[in-house]
Every structure is written in structure tokens, then in C-alpha cells.
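A, B, C and D label the chains in the order they appear, each numbered from 1.
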Amino acid sequence: MIKVAIAGGTGYTAGELLRILINHPEVEITSVLSTTSAGQPVTNFHRDLLGETDLVFTDHLGTPDVIFLCLGHGLSREFVDTHDIPAGCRIIDLGNDFRLDSDYKGMHFVYGLTDLYTEEIKGCRYVANPGCFATCIQLGLLPLAALKAIEDEVHVTAITGATGGGRKLAETAHFPYRDNNISVYKPFTHQHLGEIHKTVAALAGSDPQINFVPMRGDFTRGIFASIYTRCGMPAEEAVQIYKEFYKDSPFVFVSDAPISLKEVVNTNKCLLHIESHNGYIHITSIIDNLVKGASGQAVENMNMMFGFERTLALKFKPSAF
Amino acid sequence: MIKVAIAGGTGYTAGELLRILINHPEVEITSVLSTTSAGQPVTNFHRDLLGETDLVFTDHLGTPDVIFLCLGHGLSREFVDTHDIPAGCRIIDLGNDFRLDSDYKGMHFVYGLTDLYTEEIKGCRYVANPGCFATCIQLGLLPLAALKAIEDEVHVTAITGATGGGRKLAETAHFPYRDNNISVYKPFTHQHLGEIHKTVAALAGSDPQINFVPMRGDFTRGIFASIYTRCGMPAEEAVQIYKEFYKDSPFVFVSDAPISLKEVVNTNKCLLHIESHNGYIHITSIIDNLVKGASGQAVENMNMMFGFERTLALKFKPSAF
Amino acid sequence: MIKVAIAGGTGYTAGELLRILINHPEVEITSVLSTTSAGQPVTNFHRDLLGETDLVFTDHLGTPDVIFLCLGHGLSREFVDTHDIPAGCRIIDLGNDFRLDSDYKGMHFVYGLTDLYTEEIKGCRYVANPGCFATCIQLGLLPLAALKAIEDEVHVTAITGATGGGRKLAETAHFPYRDNNISVYKPFTHQHLGEIHKTVAALAGSDPQINFVPMRGDFTRGIFASIYTRCGMPAEEAVQIYKEFYKDSPFVFVSDAPISLKEVVNTNKCLLHIESHNGYIHITSIIDNLVKGASGQAVENMNMMFGFERTLALKFKPSAF
Amino acid sequence: MIKVAIAGGTGYTAGELLRILINHPEVEITSVLSTTSAGQPVTNFHRDLLGETDLVFTDHLGTPDVIFLCLGHGLSREFVDTHDIPAGCRIIDLGNDFRLDSDYKGMHFVYGLTDLYTEEIKGCRYVANPGCFATCIQLGLLPLAALKAIEDEVHVTAITGATGGGRKLAETAHFPYRDNNISVYKPFTHQHLGEIHKTVAALAGSDPQINFVPMRGDFTRGIFASIYTRCGMPAEEAVQIYKEFYKDSPFVFVSDAPISLKEVVNTNKCLLHIESHNGYIHITSIIDNLVKGASGQAVENMNMMFGFERTLALKFKPSAF
């Protein structure tokens, strides 16, 4: 049993961690930190956990074996600066503070893309958990990049659910606006492009332009990415290459039939589907933004870091509908 | 042509008034008031009107023939207190300030339930426009009340769309919460009960208990009310009575087949369906909360007050889907 | 390890059973029956299971220890008539064939309401799994019935998700109709009333009238029931009685705060919230129609019948959003 | 007053025509044809029209001045072959039979893209109304094509609402599947590409490759298209060019702020927004698929063909929410 602390306990990714970790056989959650809600039951905020946990928010870190940082982007460094992290304590950061700048005060953060940096993660102490869009898009591109087969620009359109924006109220998450609506935001400039470029460049040895149009979808969970790039490879060959690339990944699968987003909702899976048209290879990639795109992958990282079975406590009943 | 002012111009009911009145052949909108957004185009807030109007929010009332008050509940009295209302100017209040306390500083507000107080409205200067739940439920009960046929308690469950809560951000209108969700609020205590009781008592000469369970639905527009009360009348007879009662109402219809909410969305209509079971008469009643339940009925009132054809500018293309 | 067969394998409740049982440590799924799709992978129909199972539909029953019948209502008897059920094989019927007529050809079906007939289920061979509406409403009424405190009529409005109608295409489940819509169906006459009456009468020694208005909601999973009946008991006292009644139920909890449907979606839980108003006790009750209202409760029954821990494989990560 | 017939009267586009034309001051609807439902009130199928029309489906064409063909694709030719079209009767086909092959039995069908072929439409007798995706995407590309500024491939991702699939029940329109879901269909091969290519080629004098990924959205109405192509033109310049191009189009507007789909739902408008990034010009284009993408544009065509004011009966109250 390891002792786990969660910082930023009232947010959505913290809630997902709780949903996962209360059923993890090797974990004892010793502190769920909240600066604003210390003393309140966690079920006041994560109401679906009623009857499943008596945990109470605290402002006392304690001596955990690992801390999950579920803070607003930019606040992870501040947390590290202002808290007395126990010696030997591991850190998994779900924010974006250490994804690009991976070294800070003697700590080196491994980029926690579980299906690529598998070996590095196993031995490491600090993990920068990937962004949700970044996870979905990278998993769609890794086999091509590894093969140096990205010869031209990459075109990506990806649609995210509203939980991607977190618990904070916002006009674009106001139900009368969001319901039955679609919109584009940050076209060509989304902040996850940095992570994607870094990974693809490291793997492919080149740095293709990636044209990324993110969209806000009128659903709660999941990211659907449509990706294409010029590539002469026939679809059947690509399918084999992708299946081979992910053969040891317990949560990434290639579907022979076209996929739809809800096939992965509330799971830690990524499903991929590949076709070729007009000299393009077209890949659709789907994940649950809060699970494989955040807290699920974070626990997968934790399992790997502590030598547990990688899938431990991560085989969820899918929602399906 | 009459000159119209709208106070509280950035809110949802003001937006609906604009959508209706810019196509009204007898109306010139002379001022859309906003204390916070004066100087901005109205299309900054009501973005669907782009290309249809060049109106700009103002803080100057001018000399309208009628003012629509689309203010937060409680603020209509304050508006009247602090503004120089031109002599002869009519007022239609969409808030709840004058629905129960209908006299204020020499002004008498007629309760603007168009399908009941038709004659009173025609000659009046001040109208208190009914609440959305109140409109939907009252239209379901009026013929029975008029017949003194409400012999026992009335049981009402009514579900409202999220626009009922207005533009203000709220946790219960946050998309990740509201989507695919249902909840009850203010059971047995909703503030619209006052209006309903007042009308039913005036009409029936008695004041039956009304048990009203309001629910928040995961849709944007509309109210669906399920109403039943003990009544020995066969359904066929009730249907005839309802059809007779509403024969001069241009927007209220009795459906022989069961109804579903979207049959009235984006219209000024109310549809009713009546069955009898177990000694109960069961009535379903549906309206669009922002149209017949607010701005549509308000314009219907305006049409009646100014002697225009009652349906003028109110025959909308339904959304249907 | 027990051997499990599932009949009617392409339907929604069969899919949910598969989602649950593939991770059940004491179960081996030996046959997933389908008359129309034998030979096809189950993932052709339950696409979210891609990567998690290689099961193939079959038309061969084999020699299971238990059969789950997920057939259209009325077809369970036919299945029993036309199949060679192995001696000693248990049956859990998710249809309605044996809920009211519990004896058939020497088999006696116990009504599988896990939180009431706990002891009977443990020793039995045949279970008639309750209906979804019936489960939700009964769990809201049982403590009052046990106390003989249902003194008057019961008023119930309950809204169900579209999965309640199953995989079969229907106009009322066509997305352009159902999205953002609400409608009533079978008011006062829904077929689940029989089960509810039978249970309440057995427990209360009386048979109160239950006025039940079912509604179609514009969401996929879950049932939200609003229930009230005359009862002088203060809410605080009722809360204590409900908590005591369900103290050994691992999935039924009383919430002090009001509840919303998604707090139970994709879980086997039932949440209850109780208030008192106007001399009425008002209970809201929520379940996931496919889990506690069908396949989850069915597995709970299986666990009890075979002496496994009752919660085994039933502690799901909630969807929450 | 002109006499109008509608063939294929039970379908979605026929319903939209009815919603529009019953309020058109120059139109008398003389026959709503249905081979399967002759004799039934149209409100049996288009239930939102209850109280607004007493029209009854018929199998008798009569002698209309114009026929709208709302038939399944491929059936318009059959209709023309098997019916006695009155001499002088105009035809507006909402199917795809005459969009590419514009001549048939002496009739020449003008492609009814109102904002491009304005003059041709005014004098013509036969119109092939554009497809919904085709309208949305073409309106996003026309000014660039007219300027010969499409120098490279065009990348399009467009998401459609479920009404695009019509009234026919389908697995991909089954609510449990479609709700909160996203999927791609016919990537790079959608049948509307033909129309788009033909228009762009005619206008630009060249035929760029158009990479079009269509998606199924979890909403009912509307198409959201994201379009980009290499183009050195600064966004500000493009905005001016677009505004100039559409200055006489009463329903096409360029928005300076980013747009979201519901800004056009239930209107005949198209909104465009333009940005430039990475050497690309990025255009978002939105329409209501049933209005500007079908029946609204069809009536706009009728108005132009008969010399009515182009916007007559087409200024709808937007749904907005």
C-alpha cells in the first residue's frame, strides 16, 4: 500500500482520481488537499461518491509516497515552492508546468505519455502528465512519427467535451450557450501544440507543421480527433504498423470499423481507426479527456512508477451510452 | 408605429423581445437600455441578431410609448422609482414585482395572462406579465377552474429548460452538470405558486391546494407540465370544454394526440392534451418559457393594449427539432 | 469460477452484463447467445468492448451454472420451453415474465429486489429481476411501506433515459425527436405498476393507489423519480428511518442534500433524498436504469445466489458528468 | 398569390417548407403530396403545426404554379416522368437529381445557390436547390474562388445535425447512440463534393483538391464548417473582400467575432468568420441545414423566380438557444 495525496482536490481531475483510487487495491488516499474547502467532506464537491468514501478535504499534506498535482496551470511550481515535499515523495503533475520545461530545482520530469515513454516512466520520480488534446493527437501520430513517415504537414481537427474546461463557470460552458452548439477556439494556436511538436520531433527527427483546429463540443466527456497527412502508405499496411506499435499498450487499440466517441467514454482506452484517401492517411483517435487524457493516464503512470501491474484499477465499466 | 423601450437589454427575455420586435410592423425600438453595456451594439450580446439590427445599448430612456421591463425580480419597482416615465407611457413588466401586489404609486397592473384577462388587458396601461411556470400551469387549469370543477388538490410536476435561469452563470447551469441530468428544486414552495393560486381562486371561488414539484431539465427552451386532479368528468367531455374555453385564443390549442415539448418550442403557442384515468383528469401543458412564458406573451399583451391585431408579429416559424 | 451464459446477447442489458462480467473475478462467460448474430464477435454490437474481449456470439447454450435471460418481454418462457436447461443451472430473468407469475413448470422465481428480498435470494435458484422504474420507485417507498406509514395515495412522476427503450429503433428514440424534448407515456397505466403494488402490498399489508406518470427524458441513462404521499412524519425522522432500513444495503444511500440524476449514472447505486412539505413526505430516488435497474442488480443477485461478496465486481467508477 | 405544391410531404424538408409557406403572403399551398399518407392531416406528421393549418395530404397534384420536390435522392426524375406537370409550372428540386446533370427532357435546372447565381435564378423555370453541406462550404469559399485566390488544396471539416439524415430511422440517429457522441462518415468521399467542385471550378477557373471530412454531431439543426487553405492574404483584407462579395446578399454576413452554430439556427442566414494563421486563411461558416441548407434557400429561390422580394417570409425569429 502506498500513501497518496491529491492537491487541488475540488477540481474535475482530482475528482476522477478519487473515483479511480478509492478502488485501487494498493493505494491509501491520505490527504485530499483544498485551500478553500478544508474540513468539508469530499462528497460535498464530488457528489457521485456519496456512500463510497468518508474522506475530508484537508490543508495538511502529510507524508505521502506520491502527490498528484491537480492545480490550475502555472500553480504546480508554486505548490512545489511553498510545500515541504517529503524526501522520496514522487510527484505526478496534471498541469502543464513541467511538460516543456522538464527540469525544476533539481527535479527532472519525464513526459508521462505512457504508451511512448514506458521505460523512462518506470524508473522515474517525477512525471509531467500529458494534456488531453495532446494525448489524443499524439497517440494518433506516434507510429507514423516513429517510422519517419510524416512527410508533410499534419491537419488536425479535434472536438472536446465541456469537462475539458473544468469546474470553473464560464460563458462557453453555460448550458443555454453550449447545448446543441459547436464552436472553434484558439485555431492554429492551442497551447498543447508545444507538447505534440516536442514529442513528434524527438521521435521523427523532424518537426512538421501541425495545423490544429480545436472545437468545443456539446457533450461532457471525450475528445474526437480527425488527423490526416500526406502518406503513400496503403491503409492496410498502416493498420498493421499501428497494431504492431501498440501491441504492448494495454489501452490503445486499432479498430477495423469506424469509431464513435462514446466507445471510449469513461474508460482509459484510446481507439484508433485508419483509412487512406486521395494520397492521405486519415486517422481518427478518441479518448476520454478526463481518463486517458488526464487522471486515468496519471494512475497508469503511478502504477508504472511503483511497479504495480500497469492496468491495476483501470479496467472500468464503460459508459457506452 | 409606436416607440418601444426595453430595460434590462442584455438579458434573455430582452433578447427575445428584440428577436420579435425587429420584425413587428407597428414598432420602432427607440431604446434598449443597459446600465453596464451602454454604447455597445446589441449584437455583442444577442449574437444571433447579427445582420438584422444596428441597435446600440443606451442608458437614455427617451420618450417611448411603452417600456418593457426585463429586470431581475425586485428591480422593476426601483426602475419606476428612479426613472422619469413619460406621461402616457405604458409599462409591461416581465418581472414579478407587480403580479401579486398589483398597485404601486397610483399605477394598477393588470395580470397579463392573455387568454384569461383579455378584456382587462385591452384597456389597460400597466401589465404584470405572468411567470413562465405560472403561464404553463394556469393554461392547463383555467377551464376546470372556470367550471368550478377543481374539487380536490392539484398535483403538478413541471420541467423547465435552462434558459429559465437566465444569462447569469450558475452551477446548476454549468454544462458538465446540466447535460443529461435531471433535478428537483424548490419542491412545494416555488414562488410562482402565488400567481397560480390568485388566478385559480379568483376564477373558481375556492383555493385548492396545489402540490408543485419543479424540475430542471437538460434542454434549453420550454416547460412541460403534467397536471392532475380528481375529477369525474370523462376525458372527451373535458376536451370539448377546453376547446370551447380557448376558442378565441389564437395560440392555445387542445391536441387529441399526446404532445411532446418541442411541438411548441420557438412559438407563442400552448398545447394541451387531456386524458382521464383512475378518477383523475390528467392534463399535459407545454409552452416555450421565453415566448408564451415571457416575451411572446408580453408582445401579445402589447398588441392588445395598443389595438393591434393580437397575433401581429407572433406567428413564428417553429423550430420543431 | 462459475460458468455464465447470456441469452439475447445483442441487446442493451446483455451489453451491460458483459461490461460487468468480463471483470468479475469469479465468472467465466461461456456463451453469449444470439439467434441472429451467431458467429460474430460481440464487439460488433458492443463496440466499447473492443480490446477487452474476444467473445463471439453463439447459438449453443453449453452447460452454464447460471443463465441471464435478456430477451424481449414474453420471450423468457419461450426460451425455457425450447432449451435444454442443464440440471442445477440457475436462471436470472431480466424480462418481466416471472415477476408477477412467479411459478412456472416447477420453477419458483424469487423477485430479485436485492435490498428487500435479501435472504430469499441467497438461497434461491431462480430470480425474476425487477424492472427499472419498479426498482427506482420501490426503493423510494420500501421503508415507509415496512413501517405501514403509507396512509394515502402515492404520487409518482419518473423520467427515464432513452436506453430504457433498448436497441430497437423507434420514432420516440429518433434523435431529431428526442433531443431537447420531454413527453409523457402510459400515464397511470405503466406495466411496472404491477410489481410495485405487489411488493408494497406484501410489505405494508395494504394496497394504496399509486398514481404514476412516466416520462421520456432527453438523456441516455438513468431514472429520476419524484414520489410523495401524505405522511405526518417530519423529514428528519424519515431520514433516520430510511438510513436504518438501508444500513445493510451496500448500494443504497440517503443524501442529506438534494440529488441530481448523474450522481448515480454508471453505478449500481440508488440515492434517496427526503423532505417534508404541506403534510407530504417527498422522496426523490435515482438509479441508473441499466445498472441498478437491470444488469447491475442482476449481478448483485448472482453474487448473492452463489455466495460471493455482494458487491463483487460492482464498484464502478462513476461517470459523474 | 401563387399556387404551390409540395411533393414528398411527410419528410423534414417538406415540413420546413410548410412552416415557412403557411405564413408567406403571396403563397397558397394547394397540395401537399404523399403517396403513403394521403387523406391524413399534415399535422399528424408535422405536429408543431397544430392550430396553424388544416392542410391534408393528397395524391392529387392539381395545377400549381410551382412544385417543390422533397423526395429521396434519385426520385425527382421519377416524379417528373410519372406526373403530368402543368405547362408553365416551375420546379424547385430539393434532391440531388439535377445539381450536376442539369438538363433533363428539355428542362434546364439552374443551380440554386442564391448568393452566387442570383441573376440566372431570377429568370429561370427550374432550380436544383443546393445540398446543405454544399451550401455551407461554398458560401465559405465563393469570395476566394471569385478572386482566383484558391492557390492550393482546401481543408474542410464540417459537422452536421441529425436532421440532415431525415425522418427515416437509422442506427446513427438512435438517441442512445447519437447523444453526446461524435463520429466521422464518408471522409474525403461525401457526395456533395461534386457540387462544390463544379461551382468552385466555374468561378475560379481551376479545380483545387478539396479534402472534406464530414462529421455527425449530437445536435439536431445546423452545419458548422471549418475551412482553410494556403493564402497570403491578411485576415483584415479577406474580411473586406468577403463583406464586399456578400453586400447584396440579405442573409450572408461576416462576423468580426468568432461564431458559434446556434447564432444561425432556425434562420435563413449564413454567418462567416475569417482569421489568418500560419500562412493559411481560416474560415468558419455556419447555416441551419434545414433552412439556408434546404427549405429556406428553396423559398428564397421561389421568391426570386416569381419576382417577390427576396426576403419575403424568410425573416424568422431565431431560436438562439
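Just so we're on the same page, contacts are C-beta pairs under 8 Å (C-beta built on N, C-alpha and C of every residue); 3 or more make two chains touch, one makes a residue touch a chain.
Bear in mind that the values here come from a model prediction, so they are computed numbers and not experimental data.
How short can a chain-to-chain path be from chain A to chain C, counted in steps between touching chains?
The least step count works out to 1.
Suppose a student superposes the Cα atoms of chain A on chain B; what rotation angle should they report, nearest 5 degrees?
180
Same or different interface residues for chain C and chain D, judged by whether over half of the residue numbers are used by both?
Same residues, largely: of all residue numbers at this interface, over half are found in both copies.
Quick one: chain C and chain D, Cα centre-to-centre, how many Å?
About 46 Å, centre to centre.
Calculate how many whole Å lie between the centre of chain B and the centre of chain C, each centre taken as the average of the chain's C-alpha atoms.
Taking the average C-alpha coordinate of chain B and of chain C, the gap between them is 40 Å.
Quick check: how many Å separate the C-alpha centres of chain B and chain D?
Distance between chain centres: 34 Å.
Touching two or more other chains, which residues of chain C qualify?
12, 161, 163, 176, 179-180, 218-221, 259-260, 262, 265, 321
Please name which positions on chain B make contact with chain C in the complex.
Result: residues 155, 157, 159, 161, 176-177, 179-185, 187-189, 209, 211, 213, 215, 217-222, 224, 226, 228, 258-262, 265, 275, 277-278, 280, 282, 284, 321 of chain B touch chain C.
Where on chain A is chain C touching in the complex?
Interface residues on the chain A side: 12, 15-16, 19-20, 23, 44, 46-52, 161, 163, 179-180, 220-221, 251, 253, 255, 257, 259-260, 262-267, 269, 271, 290, 315-321.
Within the complex, which stretch of chain A touches chain B?
Within the complex, chain A contacts chain B at residues 12, 161-163, 167, 169-171, 173-176, 178-180, 218-220.
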